[in-house]
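Order of writing sets the chain letters: A, B, C, D, E, F and G. Residues in each chain are counted from 1.
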Amino acid sequence: MMSEWITAFLLLLGSLLMLLAALGALRMPDLLTRMHATTKAGALGGGTMVVAAAVFFDDGAVTARALAIVVFIILTAPVAAHLIGRAGYFVGIPLWEGTLKDELKDRYDPETHTLASEDKPEDRKSSAPAEDRDRD
Amino acid sequence: MPILDWAVNATFVILSLALVIIFIRLLKGPSLPDRVVALELIASLTVGFIATHAVATGAANFLDVAVVLALTAFLAAVGFARYLEKGGYRSDE
Amino acid sequence: MTAEPLLAILVGVLFATATYLMLRRSLVKLVIGLILLSNAANLLIFATSGLTRGAPPLIPEGMLTPEGAVADPLPQALILTAIVISFGVLAFAVVLIHRAYEVVGADDLDEMKDTDT
Amino acid sequence: MNLLALNLLLALAWMMLTGSFTATSLLSGLVFSYMALWVAFNRKADHSSFFWKVPKVISFIAFFIYDLIKANLVVAWDVLTPTHLMKPGVIAFPLRAHTDAQITVLANLISVTPGTLSLDVSTDRKVLYIHAMYLQDEDKLRQELRDMESRVMELID
Amino acid sequence: MMAGSLILQTGTRLLLPLLLLFSVFLLLRGHDEPGGGFIAGLVAAMAFALYMFAFDVYKARAILRIDPRNMLGIGLLLATLSGVPALLQGRAYLTSLWWDVEVPLFGELKLSTPLVFDIGVYLVVIGTVLTIVLALAEAEE
Amino acid sequence: MRLEVALPVIIPLFFGSLALAFWQWRGVQRAVGVLGGVALTAAGIWLLVAVWNDGVLAMHMGSWQAPFGIVLAADLLSATMVLLTGVMGLIVALYSLVSMTPDHERFGYHPLLQLLLAGVAGAFLTGDIFNLYVWIEVLLVASFALLILGGERAQMEGAIKYVTLNLVSSLILLAAVGLTYGLFGTLNMAELAAYMGEAENTGLVTVVGVLFMVAFAIKAAAFPLFFWLPASYHTPPVAISAIFAALLTKVGVYALIRFFTLMFTEAPEVTQNILLWGSGFTMLVGVLGAAAQFEFRRILAFHSVSQIGYIIMGLALHTPLALAGSLLFILHHSIVKTNLFLISGISYFARGTHELKDLGGLYRTHPGLSVLFLVSALSLAGLPPLSGFLVKLMLVRAGLEIEAYWIVAIALITGLLTFYSMVKIWAEAFWKADPRGEQAPANGPAWPERGGLWLLYAPVAALAALAVLMGVAAEPFLQLAMAAGEQMLDVDAYVEAILGGDAQ
Amino acid sequence: MLFAILSIFVVAALAPVVHRATGRHSGWVLALLPAALFVYFASFLPAVAAGESVRLAWQWMPGLDVQFSFLIDGLSLMFALLIAGIGVFVVSYAGRYLEAHRDLGRFYVLILSFMGSMLGLVLADNIILMFIFWELTSITSYLLIGYNHEDLKARKAALQGLIVTVGGGLALLAGLVLLGVASGSWELSEILAGEDSLHEHALYLPLVILILLGTFTKSAQFPFHFWLPNAMAAPTPVSAYLHSATMVKAGVYLMARLNPELGGTELWTWTLGLFGAVTMFTGAWMAIQSTEIKKLLAYSTVMALGTLTMLIGIGTPYAAMAGATFLLAHSLYKGALFMLAGSIDHGTGEKEVPNMGGLRRAMPLTAAFSVIAALSLAGLPPLFGFVGKELMLEAALGAPDALAVVLPLLALASAILVVAVAAIVGLRPFFGARREYKRTPHESPGAMLAGPAVLSVLGLILGLFPALAQPLVAATAMSIHGADTGMELKLWHGINLPLGMSLLSLAAGLVIYRFWDSVRAGIGRIMVPAGRIAPERGYERFMDGLVWFSAFQTRVLQNGYLRTYVMVTMLTTVALVVGTFAALGGFEISVRFDDILIHEWVIVALVALAAMFVATTNSRLAAVASLGIVGFGVALIYVFFSAPDLGITQVLVETLTVILLVLVLFRLPGFLKFSNPLTRVRDVIASLAVGVTMTAVLMATLGVQYFPAISEYHIAESEPSAYGRNIVNVILVDFRALDTLGELFVLALAAVGVYAMIKFRAEDRKS
């Protein structure tokens, strides 16, 4: 009986987090801010609902599987976010106009795929504007 | 167990709603990364659906699908990221 | 009968969209059409042999047969085989259009009608 | 970190060979493989630390999950409120952490904690670029990141 | 390649062995639970594909050691020949044969020609996916 | 348990896998090519003899009693087709030893050929409709890979059409299989044959049958579904065109024969009428297509279409004589058309072109080749006493006996136009003076050295001899075909042999 | 007998060897074979003369009622002796005439095979066997006509002859099979002996028409006469002779052969009578317009063929006798004349009669034999030609009802023209003023004169002593008529109408000869318009039309646009499905939508939407991404309906596919809007048709299951006898392992193909 209440709660919580993530992805102004929403809410929501299932079945095998999923989500979600985020940034997807500062600007060299740790004065002139960055 | 049935149905509805919303983002784009982000979330939503379905039907085996789903969704993201790194179009409208 | 009619409609939609895509000039659309088409065929098999909710064809540990009715496992096996086969074929097709694009230099089937007559 | 992974692997291997996938077998697998590793590695000083850190690992995970929940509440707030309170921006965070493991864990941690998202590490590994949602008080943010970094560094070396 | 994303590479170092073990797990239990040679093979192949994305084709080939095309052939031979013992016994092709093997510590293992067959499937799937993916990636270099 | 039923599938699968496992060793590849052909031919002979002596044979895969497992079954039709597969595989494998470049061999030509044969043999032997789909896919993907081997632009363009249309056909086939299972709950051909009559809704059942018909008609390149063939057959290296001509469309035709003699026989007024009209148009459209061509292999490709029309005509007429005619026509066409492709290959080695306008003088410089061509070409045109006349006579007589006058008329007109095309090739490539002038070298750079030459000529001569033999020593072929025809129409015996036997 | 015929083909195969061995004497050596055959056939003469007929048979294809059966009666023996006898001279003649030709060896092969086929044709008793030899004569003659194959004219003529005769041959095949079906027998002897006549049979009309199509084309009857003279244009006189006087007589032979069974009806008499007469006149009429000597002879041959056909049609005993006589006479003089024409060509290098004259001194023997043969052709006593001509006119006068008026007139007209032709070929070259020639005229060697000598002199002897020919001719007439004609051959029939007609024709003919050049010119002026509508134009029109139409049809059907192919394929499927339902009924749908859960609706709807988006978006990557949605959605559907393994597989495969697409697509440009709105509307309609059809068919099968599914067995036996609890997996690796095995090879093959595509590149090899 208790476990049913917990299951129900976790399910609803998880799904609401998902809904939250979806709304965030829809309403946020630019790629990176959208990713803030999806990465966190999405990961937690998925995890929560799997845990709900684990609680519901209360069986070793299921628990193991649930655990595997949670671990996997926690391991992969941020990595994926990092990959998409930086890729999006490097191909010059514009940031929201409300963005205060960008310390990464012009430190990435698409030819060599290297990312500098501080501005070199000549970088300012040499680096091309975002539009010309992506070839073909 | 009325509470659970109710919760399950509610969950299905909420998830469906979320799915519709994120689908809109997928259609709107505008850039590929935006769509990939949407795809990622849809994968997570699918995990949610599966978990809920497992609870609803009492068949735990469906969770195996969720395990694989988590893995593949990640790989898809990596693939798309790689595509962008390789100098694909950032926006192909 | 549960959701078979619904799937029947979906199958129709998939066949239609696939056909439409295959009637375009773009190689990419062509291959995407083929992918949709194979999904449609699989769903068709799934629907035509009857749907069952929440009873996967698995036998609980320590038992000789599933308790109660389970979903028909044979169509599932057939579809699984079909999915794998389609995957192989479509992988080939995807690379084929890639190479065709390289040798012909255009994602346009109208550039590719010299071999016929 | 590698040892932790190894521990996990051995546990899984155990589960498979015994052919049972219950929580108990997972637990026993973890315990057995932990012991095995201890037998195998305790003479090697550089790894011995791993063993007294295991408790820390658990507390760390707890802290992490707490952060995750907090993060979501913040995002929820921002998503649901009509006007955007956020002041986003990309900041360069000079790293003290140096091993792959440290940097990776830190970056991922930052990505799942409130308002921050790791973009990338500079090729020379000196700087971590972070997208932050709330740059109202950048120094406070940098301080929080420092704390997190030191946590990670004492956990992993 | 992925301009060597440190984060991805470190993550992959951890994920690869996990995924490989997971795939073996799926393979072995496939006869009783969802899984089986094909699914397991795809998971393993994806693990290597991930490694290739994170590092590069040559590193991926290096950890593979065996050329996927040979793996392909070996898997096919395994699957094809798994049906032959039955023939030698004068029974129909692909008739399954079972041996219960007592393994110390871990109890009895069910060895069978279907298992051999499924392992063949496993190898073929890995070989196929990697042949394609690695070749494509090399073509890009 | 009859080993010979499964061997024709196992052998090429084994050799193919072997060649793949050792793809780095060219020697292994070439050995596999030849040994595989020899072994398959031997197995084919064994099977045919066994079926001739003991009637329909079956092997229940995995010892699972039909209809629960997959059954491999061989009647005279299947056995004959399997033997044909072996012979053609061997012939082409030999020819390839010289005609294929080391590059082609390095990239898997031999295993692809073996697995193509495996798929074809499997399709001929299986008694299970889904398993048929699987084997068809095997041979199809093998043919895909062979078609693009070499990476020429024309190959890619041809392949895109070939792949697309064959994929569509496979998916229609798959859908039809699913619907059949949905209606009858079984996949076993024999059981389906037994069930068909008892289904109340003949219309629905026949619709499913018609879906099968479309799928197989595409594979068989019948009107109006043949487009993939002329678009692709002439693009790959000639040995590959040759094996395609020998076997690919035959699988489609075989399946049509199997399905519409054994299973979907409830509404002949619909199915056989469609087939009859289809065959007529196929014959005419194909042969007219050829008349418009001036490239050696394209002419041959279009004729492949029109010849399929004859085979389907036999099926549509549906008498023992007609079916026997279809079977012999399949053999005849495989032998002759393959040979013509192989000959086009030799002429290509000699002159470096397939264009009739650039060819010429071969009668002067290559008299032996000329005779071999003439024999094959005239046989294709149905000239006595060659194989082509025998089969034409059978179909004409079968048609006139049941008063199907107009289809016979079309068949005869098609024969005349075939004659026209063959004579066109003869006059242009062989009789006409070499456009490069009298003193131009007889042979191009590709021409193989003395040692390899016989490997080009021996297969061609062998096939030509077969074409003559089939016409001159026709009686044994005739008896085989007649027996096969009777067997095809004796459904009950087939059902009994498959479902009656025990799984061991 | 079988041996006799096979021996020819064997020797033919060996001919080149013999030729190389015996050099310039090869002609004589090879001529020994026909000589031996002549003797062999002659040995049947007594029996046949006694009115018997010999039948010999060997088994071949009992399954199709085809056997090596031969029938020797008057008709076949007459032909056999002519072919073998004249064959002797043809071969020896060729040995010398073509001495210089590089391919004399191959020529022997052809000419001997041709003789063999001809013999087989006239001797065969089995109608299929007869047809086999019939076709062989067509193809060998094709190769002979095209003997100078590097000359375009020769190739064209050869093709024309082949198309016409083979086309007729196919009609003949149909006719013969009908004959076999109708009469229930495949042996001529049985058919002829059969009690009940075919006249009343339903198939009589079609089979007669089909058979006559075969014989008319072969025997160059109007309107198919045009190919024969063209066939003369290219090749050497000898082969020309074989065609005109032998091969084309195959048609006449067959009509004569079947006359007893099929003849005697209005249809038969009128068709043969009229067409024969018209051909007869046309031949003669064309002859005097020709100037090349071979053409003159060829057209006069057409005239002779017409005469024979007409005589067979008339069908009276008299006509039969006339036919037999005319047949023999014509073969003798025409053979001589063709070889002599060759001899003139050989001696002077001249082919045009107008340029000839005064050769009698340079070529005395040639001149002498020419005159004799020409007189026989003109039908002057005391030559055998006269006997034939008298009988012919007599028979024409004796034709039934109206024909008795038409035929004699045409016969007389032709006779007049033939006299002129005879004079032109027999006198013109040798008398009058001596002309200038390419070569200094010289007499031909013995080998080339032996034939003409024997044949023309034989014509004279038989003319003086017709009794010598009586046995053979009578026997032949008997076969043609089907009963003994009881007539005697006589040189002198007394003063009667035919004699009068002969004299008239002689006088008129000589007048025409006198003014030949102006006559030709005059006719030329009239015939120019007529020429256009000649049947030959018809043939050319037909061939051009054929090529044009096939090109057009192919442009339309095989137009190279894949989307056309897809469209046709899909719509064919739709049409056949709809048509079948329309024809057989049985389209019933009973479906309910009440038991569907909300999230099932949502997922299905989203999949459908995603698919439509994929189909319509112009962003390639958006398409790929939403393809992923379709994949996940379908996986969810599998999960919702209890297929976990399917769900997993679907997810994995879909992801992999998307990754592959991403890997290969990034080089390709974005979509362009290629098609215009109208096309898109059309395509949407077609696509909808496909979709609706599939939905309809699927819905029709829903809830219909005639028999329990075999999977009940799998569910029950999975654990007990296959030791597996995942039934799907057990099916895959045990119950239906063979499917999975095949599936593996599909994967492997795809990989090999992809690998080859990527690594094995044409452009690399070239560089």
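The rule is simple: contacts are C-beta pairs under 8 Å (C-beta built on N, C-alpha and C of every residue); 3 or more make two chains touch, one makes a residue touch a chain.
Treat the numbers as computed from the prediction; the structure is a model and nothing was measured.
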item: Contact-graph separation of chain B and chain E, given in steps at minimum; value: 1
item: If a chain touches chain C and chain D alike, it appears here; value: E
item: Contact-richer chain pair [D-E vs E-G]; value: E-G
item: Most central chain, Cα average position; value: F
item: Per Cα centroids, the chain farthest from chain G; value: D
item: Gap in Å, rounded to a whole number, between the CA centres of chain D and chain B; value: 24
item: Centroid distance [mean C-alpha coordinates] between chain G and chain C, Å; value: 50
item: Between chain E and chain A, distance of the C-alpha-averaged centres to the nearest whole Å; value: 31
item: Separation of mean Cα positions, chain F and chain A [Å, integer]; value: 56
item: Residues of chain B touching at least two other chains; value: 15, 19, 36, 38, 53, 59, 61-62, 64-65, 67-68, 71-75, 78-82, 85-89
item: Where chain A touches two or more other chains, by residue; value: 23, 35, 43, 59, 61, 65, 68, 75-76, 79, 82-83, 85-86, 113-115, 136
item: Contacts with two or more other chains, residues of chain G listed in rising order; value: 554, 558, 560, 562, 566, 570, 597, 620, 640, 642, 644-645, 648-649, 652-653, 655-656, 659-660, 663-665, 667, 694, 698, 701, 705, 709-711, 714, 725-726, 732, 734-741, 743, 745-755, 757-759, 762-763
item: Pairs of chains, among all present, that meet the touch criterion; value: A-B, A-D, A-E, B-C, B-E, B-G, C-E, C-F, C-G, D-E, E-F, E-G, F-G
item: List of chain B residues in touch with chain G within their complex; value: 9, 12-13, 15-16, 19-20, 23, 26-27, 29, 32, 35-36, 38-39, 42-43, 46, 49-50, 53, 59, 61-62, 64-65, 68-69, 72-73, 75-76, 79-80, 82-83, 86-89, 92-93
item: Interface residues, chain A side, partner chain D - complex; value: 17, 20, 23-24, 27-29, 32-33, 35-37, 39-41, 43-44, 59-61, 63-65, 67, 74-75, 77-79, 81-82, 85-86, 89, 95-96, 98-105, 107, 114-118
item: In the complex with chain E, residue positions of chain D that touch it; value: 1-2, 5, 8-9, 12-13, 15-19, 100-101, 103-104, 107-108, 118, 120-121, 123, 125
item: Partner chain E, residues of chain G touching it in the complex; value: 644-645, 648-649, 652-653, 655-656, 659-660, 663-664, 722-726, 729-730, 732-734, 737-738, 740-741, 744-745, 747-748, 750-752, 754-755, 758-759
item: Complex contact set, residues of chain E against chain A; value: 2-5, 7-8, 11, 14-15, 22
